[in-house]
Amino acid sequence: MSKRDILTPIGITFGFIIIIFAILSSGQTEDLISFIDIASIFIVLGGVIASMLINFKLNQLKLVPKLLKAANYQNNLNLNELIHLFTRLSERARREGILALENELDEVEDPFLRKGILLVVDGVEPEVIKDILEAEIIAMEDRHEKGQAIFLKAGEYAPAWGMIGTLVGLVLMLNRMQDPALLGPSMAVALITTLYGTVLANLVFLPMASKLEGKTDEEVFFKQIIIEGIIGVQSGQNPRILEEKLNAFLSKEEKAIKDEEESFEALGESVNEA
Amino acid sequence: MSKRDILTPIGITFGFIIIIFAILSSGQTEDLISFIDIASIFIVLGGVIASMLINFKLNQLKLVPKLLKAANYQNNLNLNELIHLFTRLSERARREGILALENELDEVEDPFLRKGILLVVDGVEPEVIKDILEAEIIAMEDRHEKGQAIFLKAGEYAPAWGMIGTLVGLVLMLNRMQDPALLGPSMAVALITTLYGTVLANLVFLPMASKLEGKTDEEVFFKQIIIEGIIGVQSGQNPRILEEKLNAFLSKEEKAIKDEEESFEALGESVNEA
Amino acid sequence: MSKRDILTPIGITFGFIIIIFAILSSGQTEDLISFIDIASIFIVLGGVIASMLINFKLNQLKLVPKLLKAANYQNNLNLNELIHLFTRLSERARREGILALENELDEVEDPFLRKGILLVVDGVEPEVIKDILEAEIIAMEDRHEKGQAIFLKAGEYAPAWGMIGTLVGLVLMLNRMQDPALLGPSMAVALITTLYGTVLANLVFLPMASKLEGKTDEEVFFKQIIIEGIIGVQSGQNPRILEEKLNAFLSKEEKAIKDEEESFEALGESVNEA
Amino acid sequence: MSKRDILTPIGITFGFIIIIFAILSSGQTEDLISFIDIASIFIVLGGVIASMLINFKLNQLKLVPKLLKAANYQNNLNLNELIHLFTRLSERARREGILALENELDEVEDPFLRKGILLVVDGVEPEVIKDILEAEIIAMEDRHEKGQAIFLKAGEYAPAWGMIGTLVGLVLMLNRMQDPALLGPSMAVALITTLYGTVLANLVFLPMASKLEGKTDEEVFFKQIIIEGIIGVQSGQNPRILEEKLNAFLSKEEKAIKDEEESFEALGESVNEA
Amino acid sequence: MSKRDILTPIGITFGFIIIIFAILSSGQTEDLISFIDIASIFIVLGGVIASMLINFKLNQLKLVPKLLKAANYQNNLNLNELIHLFTRLSERARREGILALENELDEVEDPFLRKGILLVVDGVEPEVIKDILEAEIIAMEDRHEKGQAIFLKAGEYAPAWGMIGTLVGLVLMLNRMQDPALLGPSMAVALITTLYGTVLANLVFLPMASKLEGKTDEEVFFKQIIIEGIIGVQSGQNPRILEEKLNAFLSKEEKAIKDEEESFEALGESVNEA
């Protein structure tokens, strides 16, 4: 089960608190109301939606709720567990033959990994397995990139529509310059769409596009290690060498955790053997 | 027959409604007229056209009406059907020999796919078939990129010409500062070209360039699966492996649809066999 | 002989007409004079030239007149003719041997194509021919890219120098704010360099850089087809397969033209054979 | 032991001295206080943190203190020593066999180099060694890029939040234009967030991202030379050729140092031999 | 001996003349003094230096005087001579054997070319020679890129520090708006740092970065031809084919010069043979 990624809602809430603080730090509480302008929200969000309708296809736009969910959940990827699994699979394959891997399938949840093991058990050639699994990674990357593109483009269109709203306000204001007393407040209203566009882009759309990109990178990285592992297991590579090879992908922190786990395990094994 | 892509006209209409709403939300109905300035439209559009005439060759500019049409129609690409077709072709080729594929040609509409099957039937070597079909994809990508470039460049020149119009207006206004009462309205008129340039770029040109790019990606993706399939059929690959390989390109949604179709089909087949 | 590319002068003329129209649409005829400021032209163009002198080497800057000429002439490349030629060369090579191609040389004008055929006749290995011809393409691309770079950089420096001119004007104006009546006109003069810089970049330098890039792409594409053709002829490839391979590079429009030509030709051939 | 990189604190201190000088050069000492606005610091830094929380995952953000430390320490990489080591290893491997390298391990501190030598001693095939070591480089590059991304993104969000603060201040000010005497100071306060955002981005975040990038490049370069060396030693390459090959990576300055060292060494060796 | 590249000092001098002309064209001679503000120069240059100290490592910053010198001298590369040399070497190697090339070494000054010939004479395998020489090119490119990066970054930081100076000036001015008479001159002083930052970036740093990039490209190109030539000579390639291959890298102008030289030479040879 993947955990909720609470950083996203925390960040957005914190961002809005900062803006409220900014208003209060040089204004009074009643000034807060002057920063809420439903029409301006409608102009910036509506304009972004209009540009998005032209920019994307319907089935891409339908991904938005899914993407919002994805941005709120963490990937549930444990590299140490994965490497451990491959070491075990590789040992078993060498001891009992490749067909014995079928019995391990019950413990494997990840559909990508399952598919890989199934292909190995089916006796498909390594070249073809690699082709199939890489095609899957490429297709996944492609789908995720289309998803990120939605947030990236929203982050580009939001300031543009903020500027459009401000230009409209400025033109209206300049046409009625007879009453200079109204100049200030009109200009203030005009600037609010620019404020909204900038906040939406820099607090919501662009950081979310980046977070989705980071998650995709992580998944691709994880799936590529799976391919390395599957091919290693199939080719009957020495379990120690395979482990060394996959370990190379770990960072120092992850290695530290791994070593700890292993010392526990070694302890467990020696107990079992006894 | 390809369906109309109604999102493009909907998006543009919605964008203009947003702008009208923006004007009315802080102005009166009569203010709407002050935002329509034929001269400003002429300056921004005319300037963009002037830059485009220098930027592109005549035969590229002649593509514009075709591109506008393309941006308004959806691609008619069904991956599930395609994979199904290749599984059938591959089975038939293994059962009755490659020449039997000629009888399947009547059902194939896509000219790229037809060409591929014809080359297989003609006994051309796989290497050469791949070369020919990939050359066709590259040439298509190249033509489409030139098309998108037209909208992308228009999206760059439009704000620049909006700014040129505003600078001209500002210079005129500043030369006649004796009458401060006229300052406001003159400045308002000057800003309208910037407004037009920004709207044209962010509501029309840039989203359309993106949509065309998305369509090209989709077509290239589809055609690459066709090449994979053609080569697989020719090399007498196992139909199940070939299907698995092509399935890797499908997203989860598409796979769900496919599985449903297949269960219906399996039903149909068992009925037929009975 | 290559035809003049009249789009470039038409575009520049049209662009200046648009600017004149913009001035007249909200000013009087006498305002036109206030937009011509020899000093400002000298500042923007002079500044761009100063930056270019540092940016480039003398032998690159000497290319400018040649590039201006290139931007005004169309490439004279006919893909259909080229493919037709290769089909004929390939048939002749298969019938009469590769040495017979020497007799075809008289009809070939393109120096790149001549060189390729000469290398084939000389019996140079295909690998080496490919190396030599590709080295020539790379060297050509390299030279052209350096040429485009001149216009691209000019398009970057022009707005910067426009801004430098405006900043100089603003500083002068602000130092003499005692007389507010002069503020407007001084500011107007200051803005003119920004206007010049923007127009030069967006109407002249950037579109021309794009046009040169488009022409280079076209030439590279054409020369790559020549390499494909030469190698195909040398390796004694079946003329029909070779034609099919080269046809893949044609767009639908070009294919339509080709088919028409061919039906005429087929007619001619059947008459000849009779 | 790696030395402290004192340039980073010197640069930041010097930058703030420049800003203080800028204030004093056209103001009085008491003006300095008007540039310190705790609320503005809180807005810009808080906003950047809010955007970062959304943009990154928690375990990436936890890297920040480590990255700050990394930016303050120099890499401790000596190419000359490394090449010298490989020449010695290669000579020994040719004389006494590859297993003799195990005795050299005590002198090797770098964990990457140790791992490489261990793999050679273990008799792992060159292909596999290269795979393992390159996987480690890629994983390191990937981790470092994620670290730099934190500073790069902070450098993008800081000016955006500076602008958000200024827009908030402007709107507040324009709503209270009844008292023109307060206009100036309010505007001044509004501008301070933009000043803070620009200084943070250009004096802290962006230069630090660049420095980290430079350090990563250096480490990757160093590790790639290690791979070259390890493979050379294992394949029993001639020590002189190997040295020549690795020398190619040195710059002229480094070579000069190397030649000097070598002449000393040659002296030493002749003394030893005598 | 490499010639001075006088374009760089000419360009910078010309640029400053343009700016002086811009000041005089709409001001008086005494206005010139108002544009020289030592404090502003100190702010922009000092700020850029502060950012550079953080951005780069000390040994990179030490390259600046060398880079300034490099930007002021022309490369001394003669392609025609080089190709001629390789034709001669190739002929001699075929006639007298590869060892005879050692006698040619006295005439070769370029250290890269010398190294290549030495490796050939030493009987090192072509693969290894290519590896060594390419490693040297890559290391050179890497060093030069780091050098260009210094100017590129300076070109990015200069306008940013110009803006920081202006913001500081604006805040000071707005805090003292009681005396409107001083507003203008204060604002003028504030703008001067922006002017300095823009001029430094567009007249000095960015063009110099480009020039260094152009010089690197040229050197890399030259060195790659040397590798082609060395490998050709070693593999005993036909001198005419080798010449043809290397000629492909020449532009038409260079070829024209070459043909002229050759006709003279051919004359000389026929005289010698007689």
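Assorted remarks:
Every chain is named by a letter (A, B, C, D and E) in the order it is written, and numbering of its residues begins at 1.
To be clear about the criterion, contacts are C-beta pairs under 8 Å (C-beta built on N, C-alpha and C of every residue); 3 or more make two chains touch, one makes a residue touch a chain.
These figures come from a predicted structure and were not determined experimentally.
Fewest steps needed to get from chain B to chain D, stepping only to touching chains, is 2. The minimum number of touch steps separating chain A from chain D is 1. When chain B is fitted to chain E on its Cα atoms, the angle of the rotation, on a 0 to 180 scale and to the nearest 5, is 145 degrees. Counting every residue number used by either copy at the chain D-chain E contact, under half are found in both chains. With centres taken as mean Cα positions, chain B sits 26 Å from chain A. Work out the mean CA point of chain A and of chain E, and you get 42 Å between them.
The assembly's chains link up in one ring whose order, counted from chain B toward chain C, is B, C, E, D, A.
Contact residues of chain B toward chain A in the complex are 5, 7-8, 10-12, 14-15, 17-19, 21-23, 25-27, 31, 34-35, 74, 181, 183-185, 187-188, 191-192, 194-195, 198-199, 201-204, 206-208, 210-211, 214, 217, 221, 241, 244-245, 248-251.
Across the complex, chain A is touched by residues 39, 42-43, 46-47, 49-58, 60, 119, 124, 128, 131-133, 135-136, 138-139, 142-143, 146, 153, 157, 160-161, 163-165, 167-178, 186, 189-190, 193 of chain D.
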